[in-house]
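Two complexes come next, and they have one chain in common, chain A, joined by chain B in the first and chain C in the second.
What follows is the complex of A and B.
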């Protein structure tokens, strides 16, 4: 089993498992929690199978190619460091699942919570197991996103939403910086594989890009691990439910930055910049976090700042760059996890039972909830670093390292500050103990506190056992710490973890810390008053102000460039294009014209003059919308005529069909729009726009002229030569559409279908909104014809229908070899159908419409897609066409081609989309209070004479 | 002889198109414009057929038939718009 492929399974299990809670919540909360635990337990067991190998010092790895062109592969590897973190993520994850089951109230959507939790778990596992930095970055971003969902889980709380947004902004911005840093690293080494990068430490440190990479990666790590000055988001993220705080903000996510620094330790650490940036930041964060924590009244805020402080401690240790410091850091990661997760859960229990987390309102809980108190006191003592608990050992190791660290030739500054941090650490830990559990029992708790059910305290109790065990028998943790430290440093470390180191400087520093800490706690009330008077920067205010500035700037920028004026966008587009074209003309070279100018026959003069006249009419009278539609029709007609003249009859047919359908769509819309366009721009602006427009038109004409007078090599010759040979058709246009560029066509019909469905959806939403009310109040012009469905028109369109459908089928069938094809056929038949809608009205025609237009679009795309897939069965690439000949005796021999089936898909999609668009637009009238009719015409002479048409109309309309 | 007749036909229908455009430009009513547009469609079809005769090929004939089949639909739509406002009731 040591091929490592198990690692991919471990990483993917939580993601797969994330599907379960949402389903299982229907079976109850216990089932939901159990099924959330299953993937975690499975992953933990699978991870367990790899433990012996890792402990022997082997590195288990697996690679699945993903996008090898980009250097991105789904590679995973597991060494001591990965094992330490993966074990933490899964182990604590399991405890959190248990704790959350009892913590969340019946009103909270538990399925959602567990889904988010598993997504987060998967993302975290991905980070610690990735062997490819690009993959690592993807998981890194995923943790930011999933933690956003978890922090904002209580959507009704504004603090939750704001905290989630702040966390996402800060960690997301850091992630962005880290992407840059990682790409630089990858570039230096020439590989994005983590194992390759880790082996190239010397190369990276010697590179001139070392500093930028270091700074960018550290920004990523510092934002994630809440290091000064990015520490402010963590306390605000405490608006999350307590299980989230315990999981993300003590054990896992905030440790991701620490993990990254440890992972990158061999290639980045050990230099001066590393020491001064990382160790200093860690030191400042440690002291600052500890000081602020003492003055927080909210239990979770106290723990949050304590976490910030401990993260600073870990960062500082990694920053020292020595082997012993790394060992201390690895050990402290385990210890911090055990006591801090338990403390968060304790705070959650207190909040859950006493309905407040305000330390000022608590006290005396030891007598009311003894079990919780035991858990809280033991773990808080460990946090303070009290002998004989595990917190003591790693704190001693930290102080020992700090004691002989020289900072800028100054041997005092680091030890003194570290001791100061330890003093405050003791003070806030004692405050947690004495002000919450100690003191007399009060009678003004918001709720009567008592010990929670076993399920709620089981998880923190287990962690407390670990705190004591590791404290008493530190050698239990030794193998794991050794493996992790070896993995980080790449050296062979032999840590000897033991409780008693003798009387060392570190012990004296500890003693001082306890004495000063006790003193600080006794004077806390006075200090607090001073603290409150002191001016302090409020992170949230600053953050909000920055965000507000950014939003204001973006809005101003968007408004100045994107103000909704169509002519402005077009002006930018056209002017840019002209400038680029002019630049190309003057800097590039162009061959002399090789073709002669042909004489212009009189017929072309007629078309050209008509075009010019119609264009002038549109420009001069465009404010009358109806008239400009008529003028545009002339232009469309002349272009179609031009296509016929230039031997492109199928283009002409397509053009005129599109023109007709467009005119109908515009008329449908114009009914509900003002009939005139008001003049909005000044004369100067119009003049400017005219100049731009004429320049643009002139440029296009010049370009067309340049191409028409020269012989240009194009792909056309290939298409002409291969149309029959490769595609089995002599109509090159159609073969291009269904074969050479079949993929494009396939995409286009999907887009067309989406457009049709979108119009339908938009109209549907519009008609449900306030617009429908305005439509109902709309006054219709009184001078309308009384003849809604004229007899002549009805009869004529009925006669037209079979002819038009026959022509449509004919055009469709011959399309492969002669002018025609599915697209045109679809348009022709849709026009024939639209005639029925116009003649006899919407309702009458709709009653006879058996196939929904939506499904027609769907079938079109499916048929076209299946035709393409059919080529796979023959072992050819997608959309390879085949053709052959069939001969049934009475009929002449005819050709079949798979392109025909594809064309059928095109036909259906076009027909469905066009009809759906018109259908959607004509629905508006029904909302405007128009009556409908189900009779084919107003006056049907074949019916009984005394029943008049209007009576019938009204009857049916009701 | 046929060539002369064709040129005469081209001239007439071409002139017809210009006169229709004049009518479209001047109006005065929407009905005038729609009628003139419809006439332009017919004149264009006629020109295409004449051109086909001139070139001696059948493809223009077929194309003009297809244009004829589709070309009047927009006239109907315009008429319904003027008469009823809503073209699909």
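What follows is the complex of A and C.
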């Protein structure tokens, strides 16, 4: 059994599971929550099977190729660090699912919540399990997106929406920076595989691109982990439901940045820039977060800033770049998870029961909700770093590391600041305890608080047990911390986690912290007044102002450029193209002409003159729309003639038949459009447009001339050489269409089919809108022909129908070897049918041939597709053609080729699309009151007048 | 001969550009049609010009052939440009029937936003 493949399954399980809640919510909220837990439990169990291997120091991995050309593969690996995080994500995830079941009220769409939660869980798991940095980036962005959904879960709250937007903007921008950094790393190493990159630490640190990569990746990590000065989004994200805050903003997502720094530690850490950037940022964040936390009255805001502070602590530890610091960081990740998630849940319970999170309105809850109080007090003590809880041990380890860190030759600054941070940490933790649970019971709570049902406090209670257990028996966490620290450093670490380290400087720092912390709490009211008077930059105001500027700029820019004047856009486009082309001409080099100029016979001059004259007439007479259509058809004819002369018979056939269909279509459309274009442009504008047009035309002519007088190597020789051998046809153009480039053709018939269906759909929509009324009220011009279906036309088209169809079939059949093929045949047959429509009216003709044009397009595409798929049965790639020869005695050799079936598909699709387009136009006509004629022609001489008909009979009788 | 083809492409392009800069839908459609001709002939001409050398293999004699590849590409391009013209015509027609005007420029983007809201309601 390949152990690694389990990892891919673990990573994908939450995504698959995300479908569950949506389906199960109909079965009730308990069922929904239970089924949401299933994928998480399964993933946790699967992860459990890998624990022994990881604990032995092995790295479990698996690779699924995805886009090998880009170096992107779905590779996953699991080492100690990955196990630590994956365990946290799934374990806490499970507790959150339980907690959220009881936390969310009946009005909240629970299915949605769980779906977002599982999406987030999957994205987060993906980050910690990815062995490919491109894959990691994808999951990284997914966490930003899914957290956006979760923060904004309460869509009706403006704070929720704004907080979600802010979080997405900040973390998304950081993600962009990180993409840059990761790509640089990948370029330095020459591989996007994390394992390869981690092995190349020396190479990366020596590279001149180290600094840019470091800074970009750190921006990504700092924004995600709310490090100063990007910390401001986290408190605003607290508008999310509390389970989200507990999960994303204490346990998992905000630690993604920490995870990334730990992951990249072997290749980025240990240098001076790393130390000064990471450790300093961490230190500032730690102190700042702790200070602000003390002055927050909202429980969740207090916890949010405390989280910012603890994330700073972790960042600082990683920044130190020492083995011991990494051990402390890994251990503190576990500890912070246990107490902070429990504290958030406690805050949620208080909010849920007392209907307020404002510390000023709380107090005395210990007597009213004792269980909650026990949980809250124990975990808050741990947060403060009180012996004998787990928070104490990792904080001691942090202070120990800080105590002998020298910053710019100054041995005091780091320990002093770390102690200061610890002081405030103690103060806000105590404030949480004494101002919420302590003090006398009040009688003005918004709601009567009491302990919640078991389901709500089960999860934080379990975490509290862990807090106490790890504190009392830290060796329990030792294997996991060892595995994680080994994975981070790539070295052998031997942490000895114990509660009592003896009387060390760190212990003294702790003692100071507690003393000062208690003092701070006692004077909090006075300090708070001073804090409120102090001018402080308000992050949200600054952020909103920046966003507003950006929006205003974009709006102004869009309005000035995108002002609805289409002709101006087009003019800009054309002029820009000309300028770029001219620039290329003057800066590039061009070889001397190599081809001889071909002679021009007199007939060609005639054709050229007709074409130029017709173009001039189209342009100069364009206001008379009908006349310009007549002139444009001359151009089409001349071009067809040109194709004949210049050895492109297939093109000539196609051009002339397309020309016919196009003119008919335009004529039909013109019937409903104004017949004249008013003169609107000023002479100046016309002159300007003429200058642009002539410049554009001249440039294109020069370009064409440059092409035409120079030789070039192309792949066409291959086609000429292999057309008969490989494709079995002598018409190389047709063989290219149905064989060499068959896939292109396949795409093109689909496009044409879509165009046909689009037109049909457009018409359908149109005839339901206000246009329908306008059409019905339409007054037709009085000079309509009274002979709409003339006798001569009807008779002539009837006689021509079989001939035209025969020509179409002939052209189709010979296509492989002689000019012709499915495209041309489809057009010819559609012209044959169109002639009937023109002669006797569309509806009359339609009644006599029941062809469903929609399905004709469909069948065309299906037949062409099946022909291509047929090649798979023979073990060949899509659209490989086969051919052979049959001999019927009286006739000559007869060729069969699978390409013929493909061409049949082309034929059907073209015919169906063309006819559907014209059918749609005729529907408008009928809507506009066009009557359906019952007789094929308006005046049938064999029927009227009655008398003369009798006379005729008599004469014939004689 | 090369000059003839190049100048024809140029003339068609110039006519097409002039027409697409007009203010009504129909001339713009005509302009697009002219541009399609120009583009198709231009693409065709990248295979260079040859007379009496169609790319139909001759079993009996060793003769030269014109370049088949641009021809194959242009063949589908001609058909596709028909499809494009048809869609354009239909959109122009729809716009005209809905708004009773076939101007292509929006009068004022601000007004337009209001109009859209009105139609949506």
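Structure notes:
We adopt the following convention: the second predicted complex is superposed on the first by the 579 of 958 C-alpha atoms of A that agree within 3 Å, B and C clash if a C-alpha of one lies under 4 Å from a C-alpha of the other, contacts with A are read in each partner's own complex, and residues count from 1 in each chain.
Note that in this section contacts are C-beta pairs under 8 Å (C-beta built on N, C-alpha and C of every residue); 3 or more make two chains touch, one makes a residue touch a chain.
Owing to the predicted nature of the structure, the values given are computational and were not obtained by experimental measurement.
With both structures placed on the common chain, the touch criterion links A:725 to neither chain B nor chain C.
Applying the stated contact rule after C-alpha superposition, one finds that A:56 touches neither chain B nor chain C. Of the two partner chains placed by the overlay, chain B and chain C both lie in contact with A:649.
When the shared chain is aligned, chain B and chain C each come close enough to touch A:670.
Once chain A of one complex is fitted onto chain A of the other, the partner contacts of A:526 are absent, as it touches neither chain B nor chain C.
With both structures placed on the common chain, the touch criterion links A:752 to chain C but leaves chain B unconnected. By the touch criterion stated above, A:788 is placed in contact with chain B alone, chain C being left untouched. Of the two partner chains placed by superposition, only chain B is touched by A:610; chain C is not.
Touched residues of chain A, counted separately for chain B and chain C, are more numerous for C.
Legend: residue contacts after superposition of the two complexes on their common chain; A:680 is shown touching chain C, with no touch to chain B. Contacts of chain A with chain B, set against its contacts with chain C after fitting on chain A, overlap at residues 605, 629, 645, 647, 649, 670, 819. On the chain C side of its complex with chain A, the touching residues are 1-27, 29-30, 33-34, 37-38, 40-42, 44-59, 65-69, 71-76, 78-87, 89-94, 96-98, 100, 102, 104-109, 112. Those residues of chain A that touch chain C in the complex are listed here as 559, 562-567, 570-571, 574, 595, 597-600, 604-605, 608, 611-612, 615-616, 618-619, 622, 625, 628-629, 632, 635-636, 639, 642-643, 645-651, 654-655, 658, 661-662, 665-666, 669-670, 672-674, 677-678, 680-681, 689-690, 692-694, 696-698, 700-705, 707-709, 711-712, 714-716, 719-720, 723-724, 730-734, 736-737, 741, 744-745, 748, 751-752, 755-756, 758-759, 762-763, 765-766, 769-771, 774-775, 817-819, 823, 827, 910, 913-914, 917, 920-921, 924. Listing the residues of chain A that touch chain B in their complex gives 602-603, 605-606, 609-610, 613-614, 617, 626-627, 629-631, 633-634, 637-638, 640-641, 644-645, 647, 649, 652-653, 656-657, 659-660, 663-664, 667-668, 670-671, 780-781, 784-785, 787-789, 793, 803-804, 807, 811, 819, 828, 831, 834-835, 837-838, 841-842, 918, 922, 925, 930, 932-933.
Taken in their complex, chain B has these residues touching chain A: 7, 10-11, 14, 17-18, 21, 24-25, 30, 33-34, 37, 40-41, 44, 47-48, 51, 59-60, 62-64, 66-67, 69-71, 73-74, 76-78, 80-81, 83-89.
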